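The structures considered in this document are given below.
There are two complexes below, and they share subunit A, which is joined by subunit B in the first and by subunit C in the second.
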Partner chain A sequence: MAKAIPKKGSRGRIGSRKSIRKIPKGVIHIQASFNNTIVTVTDVRGRVVSWSSAGTCGFRGTRRGTPFAAQTAAANAIRAVVDQGMQRAEVMIKGPGLGRDAALRAIRRSGILLTFVRDVTPMPHNGCRPPKKRRV
Partner chain B sequence: MASSSLANFLSIFTPFKSPPPQPTKAPPSHLSVSTDSSSNNKSAFAPIVTSNNSSSSSSSSSCSGDLMSVVCPSLAYANTLYFRSAYNVQVIVEDNEPEEKLLGRFRREVMKAGVIQECKRRRYFENKQEEKKRKHREAAKRNRRRRGPFRNFNDDKTESVNKKRDDDNDNWEMPEDSPLN
Partner chain C sequence: MPQCIVTSNHYCPPPTIRCFSFTSVLPSSIGLEAAKLGCSLMYRRRSSRLVICMAKERRVKMVAKQIQRELSDMLLTDQVLQYAILPEAALGADRYLSSLTTISDVEVSSDLQVVKVYVSVFGDERGKEVALSGLKSKAKYVRGQLGKRMKLRLTPEIRFIEDESLERGSRVIAILDKIKSEKKTVENQTVESADSIEDWDDEDDDDIIYVKSELQLLLLFSSNSVTVFV
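Take a look at the complex of A and B:
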């Protein structure tokens, strides 16, 4: 059974429209875990524009968690949006990990104007029970 | 800064509520009561650096929030809607700040807030024994730093004085107006 999709002009062509979208101000989210670093660039509302991670940059295994990998991931992500015309950005850093400083450094070096740098690591107010200790 | 942010918010938000009957002067304190030491809520307005853990407002613009609550009550808390995410640490970047300085400042703030320490602690479960040990260690570290350097000089003196005072309060002897004296 076919659902009647309401015909709106923009609906059918939303794919191509998104790539042309120009945003002067955006938010860069850096999720730095112990094993990897993911850099996502979104607009101020949170809609993702582009992303890159240490894994997609070609590093695998233990090398993904290194600060150098974080640096390349950040550089990759920024390069994709700079040509879209983003000038200012906020940075939100999440998680412990070696990639925090390195990615921030790379963002700074890429020439984007930073307004805030925030740490948004989620902190439970003693919520869920974490997994048991590893006995290695 | 208040006017520019006001213009920003006017373009995005239309005033969705009629001006409330009594405009409150202070911005709403959406301060979550938290037991963690890492989520300290210092709402002092430092122009350069703020570290906060508020559930809906960033108090870096607490000053302009006050102003806006007087100027336009319905938009006074538009700031709180804008920055909806809670953050642990916020560093405001100035123009042309050298990279190392920014990084150093950020790192220092994070260390002050204890974010990474907290994260590592919460990775795996720690039972009551572990928790007690950790608290003991932390307390020792804190007290050692504060009282360590002074202890060596005044230790004997204060101890002896205290002992004397204790003895005096003990009422070993009969009171002076007793018939037995």
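Take a look at the complex of A and C:
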């Protein structure tokens, strides 16, 4: 794998690059699996601004999959960005799980305007063999 | 595999011996087989001599979880269901959704015959009606698909019920947040205008007292209400 491509702004600088960019419009990715929910806020190009998940919010085990954990994760992720002045956002939802609904409602409650809601669950055009069926 | 374990719907040839406890009557092999299936046998001490199979609680929970996984997967991948929930998917809306349907809970009866699926829809009123009516119209199709995907002795009957708890909870939290922010602004105002108390009328005092007590009540309530959703 090639090393990270050197970005234009950071040539010659060793330490961390503090990126306090003002982003009026961003994209919120919600990955909602059955056991966890990860909320990532990026800009329109896809560069991550901040993220949060149910696990990092302090829930462990089965409680990570609950809708309440999803809404705290979404609130956490957005709090960091609202201060940077994001007003509109597009939401991309991936995966089944309870986090889809709960995180969406938390985002709408926080005052950010939702422009689009898209479902980007990866769908194979009959590619890899799925794992074996669970026996109940 | 034991042959005599059936539900009351089916014809069952009555056992020849009147039974009081299954350990004394059944051959031990059938009892062991039943335990492997996760089934516990119940006998009636009457002349009907029917055998009812009730699954153990743990198995009921496992089946419920598995049904939830299968149904959520079906909602995402199955074309027929997609068209039922979102009519504009047929026109090729390219995944720009107007409403989002999620399965929030699945309850299975203890004999694994009836499944209640609680569906929560995010969107406006029309989207909710369309999604729920679409799902209800496809209940038989969903039952057939579930039977193909899951290996169950009898595929249960599926009922779709609208789940409003998530939306109600969201509304309550929105109101509480609004009250908290209002309280903050009121506090700021009282701090800033502490020197102009003599300009206030009595009515304003009454208003402020009324609002403050309600706020305090609701704030006390809010410190307990957060745990409701856990």
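Quick notes on this structure:
What we mean here is this: the second predicted complex is superposed on the first by the 118 of 136 C-alpha atoms of A that agree within 3 Å, B and C clash if a C-alpha of one lies under 4 Å from a C-alpha of the other, contacts with A are read in each partner's own complex, and residues count from 1 in each chain.
By our rule, a contact is a pair of C-beta atoms (placed from the backbone, for glycine too) under 8 Å apart; a residue touches a chain by one contact, two chains touch by 3 or more.
It should be emphasised that the depicted structure is a prediction, and the values quoted were computed from it without experimental measurement.
When the shared chain is aligned, subunit B and subunit C each come close enough to touch A:D119. Shared-chain residue A:L98: touches subunit C; no touch with subunit B. In the superposed pair of complexes, A:R134 makes contact with subunit B and with subunit C alike. Of the two partner chains, subunit C is the only one that A:T66 touches; subunit B does not reach it. By the touch criterion defined above, A:R109 lies against subunit B and subunit C together after alignment on the C-alpha atoms of chain A. Subunit A residues 96, 101, 104-105, 109, 116-121, 123, 133-134 lie at the interface with subunit B in one structure and with subunit C in the other. In the complex of the two chains, the subunit A residues touching subunit C come out as 34, 63, 66-68, 71, 93, 96-98, 100-102, 104-106, 109, 116-121, 123, 133-136. By the touch criterion stated above, subunit C contacts subunit A in their complex at residues 59, 62-63, 66, 69, 72-73, 75-77, 95-97, 100, 102-104, 120, 122, 149-152, 166-167, 170, 173-174, 177, 229-230.
Against subunit A, in their complex, subunit B makes its touches with residues 32, 34-36, 38-39, 53, 85-93, 99, 102-103, 106-107, 109-110, 113, 115-116, 118-120, 122-126.
Residue ranges of subunit A in contact with subunit B, taken from their complex: 92, 95-96, 101, 104-105, 108-109, 114-121, 123-126, 129-134.
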